[in-house]
Amino acid sequence: MNAAAATARRPWVRIVLAAVVAIVLIVAPLALPAFANQTLVRIGVYAVAVLGLNIVMGYTGQVNLGQIFFVGLGAYVTAYGVNHGWNILLVFVAACAIAGVVGLLVALAAARLGGLAIAMVTIALPIVGVPLAKRLSEFTGGSQGISARFTDAPDWSGLANDQWQFYIVLVVTAGAFLLARSLVRGKYGRAFAAVRENEAVAASMGISPYRTKVLAFTIASIFGGASGFLYLAAVQYTSPETLSFGHSISLLAAMVIGGAGSIAGSLLGGAYYVFVPQLTNAIDPNLTTVSQGAILLAVLFLLPGGLVSIPRVVRRLVRRTGTRGSATTRGSTAGPAADTTQQTAPAHHPVPDAAPEGHEQTERQDGP
Amino acid sequence: MTLLELTDVTASYGPVQVLDGVSLSVPDGGSVGILGANGAGKTTTLRAISGSVRTGGQIRFDGRDIRGRRPDQVAALGIAHVPEGRGTLGQLSVRENLMVGAYLRKDRKAIAGDLDYCLDLFPQLQDRVVSRAAALSGGEQQMLAVGRAFMAKPKLLLLDEASLGLAPSTAKAVYQAIRRLRLESGIAMLVVEQNANLAFSLVDTATVLETGRNVLTGTSAELKGMDAIRRAYLGG
Amino acid sequence: MGTFIQLVVDGLATGSIYAALALAIVLVNQATGLINFAQGGMAVLSAYIAYVFVQLGLPLILAILISIVFSFLFGALVERFLIRRFERGDPDTAVVVTIGLLTLVTGISAVLWGYNNLGFPSLFPLTSVEILGAVVSVRSLATAVTIVVIMVVLQLLFLRTKLGLALRAVADNPASAAFSGLPVGRLLMVGWGLAATLGAIAGVLVAPQLTLTPGMLDTALVYALAAVILGGLTSPIGCVVAASAIGVLENLVAVYIPLIGHDLKIAVPFALIFVILIVRPQGLFGRKVVVRV
């Protein structure tokens, strides 16, 4: 156990590992059947959305119930751009940028409120979004939705459609993940964590909670927009149903189940989003909602760090039961992979004297 | 008759051990002080008694082992804890704070009588009876906290740092009122206090804690006379 | 003028439903410091329970009473077994738990009764009465009045009874209240039970109009949250006023501003919030919150 951990810490091992992963990702679609590629593509789509949600919610601690709205927005912008013959790169940028601007506006207002206001306000996004999408039919195609095909493989590539889509999604997803990773590890990541832990303390350290929250939320919406672009690339159709409230909750559940506050967990979250509802729908569609709720609660109670924390939890259990009396308990096995297994257990606040909201504490001191 | 007996009590907050074997006893109607510097474990001792922290060792009240009981259960046995920081119910009025103190009692007439006695004991509260408690000054809130504890008609009063944050004259007034309360009601008291002078004005015996252990115990007279005490706590 | 009065009365009726949910949310927040996003879903489940007994042939009022008892117990048990663990931690995690609860409860309703819209009998006659030359629905009037009466009763409970005092004390400072012997855990259960009951009453009163379906109160919850934001978490009266205003406003806007119409009227309260909160972050009625570090 120790030897393996030590090995994993050496830099060249990580580079080799990364190279192997990259090669596998590039070669895989050529070898896998179309269905597998399409599934992986969809995982990528939602992983990016979950990643965005993780940045504002897992890392910065702001409950965001409207992420799917930005996904839908990105998809609609993409469809519009494609159908009007825009350059594909411009479409991508537009999807991200428009989603980002809307997110910024929402955040500017919502982040002013303390506590759970962002949750309470963002719940409105999908709920307002659906009728809005139906109403603005010149842009959105109304209730019918809108289709756009733009990811057919070009002849020069010699690839099948599903393989071409795979590469597009791979590029954007990899880019998103690398961007997120560097964000989270840098000073912004520290700001996020500080605000999540305790806003007042963060403020005293010179970090503006308001600005940090706005930044996190805007980034999340940009990722949402990118995810929308990918969504349209994969599914080639979008409708008001895409940004419904139910999907919003599913996305949130996927984030928690995959692993809140974890980059790798977002990937697992994307996978969860694609596989599990599919599975439950196959058994019995009515069962889907119940099982979603049950799984989410189970994870919150039993595995708060999400699926991504399983290795860590298992190691801890093994250590506790296996090394009784043995001298080899040294060495926490969290190695360098610590950033991807970031735990986000509920931050425990000390004695609950101050209620999180609603109480004004004023104590006048006696004069001499 | 020993009312409260602590034997080798330990307590920890997670991995941090704060009490490392504290022993003391309070006789019926007696008044005992706990002195010591910051972080010595004084507040934790009181919290151990009232069940707010996990403990080891023995805690016997009225002959019964009370270790491991919840705070509301301990209160029901007749121990009233005035916490550090006063624990004022800020959104409730002064009168309501006092009535909360009498929550476990059923004798309405007596409760009304005790309420009047409280307001007599702490006349400053009389004018603020319907004010929101959070609007009171520090000293008034301290008086309110003591009053609320009294309203439970406890056998034992746990007083935690009653002088904290108060101007000297206010702290003195508070202690004077508590002294009067003690004389007129005969309630036993366990008093945690950093200000040794104030403590000695109220208690018959005291124990000094250092890093979670007793280092000295004696009557107020004995302790006041010791050089070590004088230097450390009485500024002499 | 007649239409206007009709719209206002209907708006007050729907507003009272939002107000009931908003009060339930405020009650839970004051007691346990978190927002219960499942408040509407729990209310719908209670309405389904009433439905079951109506189907079994019981008189409606009896079915409603059973549903009220059920909702109280349900709320209490949810607090004890689901929420208690998360009360002292990060409120955002607790919120996610309530969202999980919302999903679970909606799912249970769906499994047991499907997604079809079920008819629910109205407690009040579906007749109209004339007021100031307008034809006003009796049901709307009665709904609004009933909920107002219940809210007044609740206020009296909180302000004038020993239980109410205890609930407020626990909401204010649970650790300190325990020192006076208050059974904090049990009181929290009562608080949640009362909130759930409020929701259940709102649910059975509005079900005839909206028809019973698992997502029946999803939109109402959103309006209730808007009312809470506008009214401030610390001000029950503010929430009630805000909820009524939202109910009336959405009706008026839907009819008098066809550009927005019925489908987009849900945007109105949030546009309002957007504007107001830029100017006054604590809501219209709330007090500024000072948090101790």
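Annotations
Letters A, B and C mark the chains as written, and numbering starts fresh at 1 in each.
By definition in this document, contacts are C-beta pairs under 8 Å (C-beta built on N, C-alpha and C of every residue); 3 or more make two chains touch, one makes a residue touch a chain.
For clarity, every value in this text was computed on a predicted model and none was experimentally measured.
Averaging the CA coordinates per chain and comparing them to the mean over all protein CA atoms picks out C as nearest. Put simply, the chain farthest from subunit C by mean CA position is B.
Measuring from the averaged C-alpha position of subunit B to that of subunit C gives a distance of 42 Å. Mean C-alpha position of subunit A lies 31 Å from that of subunit C. Per-chain Cα centroids separate subunit A from subunit B by 51 Å.
Touching two or more other chains at once are residues 353, 359-362 of subunit A.
The multi-chain contact residues of subunit C, meaning those touching 2 or more other chains, are 171-173, 175-176. Of all residues in subunit B, those touching 2 or more other chains are 87, 90-91, listed in ascending order. Subunit C meets subunit B in the complex at residues 162, 165-166, 168-169, 171-173, 175-184. The touching residues of subunit B, when paired with subunit C in their complex, are 50, 52, 70-72, 75-76, 80-83, 87-92, 96, 99-101, 103-104, 148-149, 152.
By the touch criterion stated above, subunit A contacts subunit C in their complex at residues 57, 61-63, 65, 108-110, 112-117, 119-121, 123-124, 127-128, 131-132, 134-135, 198-201, 204, 245, 249, 252-253, 256, 286-294, 296-297, 300-301, 304, 346-349, 351-362. Across the complex, subunit A is touched by residues 29-30, 33-35, 37, 82, 85-97, 99-108, 110-111, 114-115, 171-176, 214, 218-219, 221-222, 225-226, 228-229, 233-234, 263-264, 266-267, 270, 273-274, 277-278, 281, 286-293 of subunit C.
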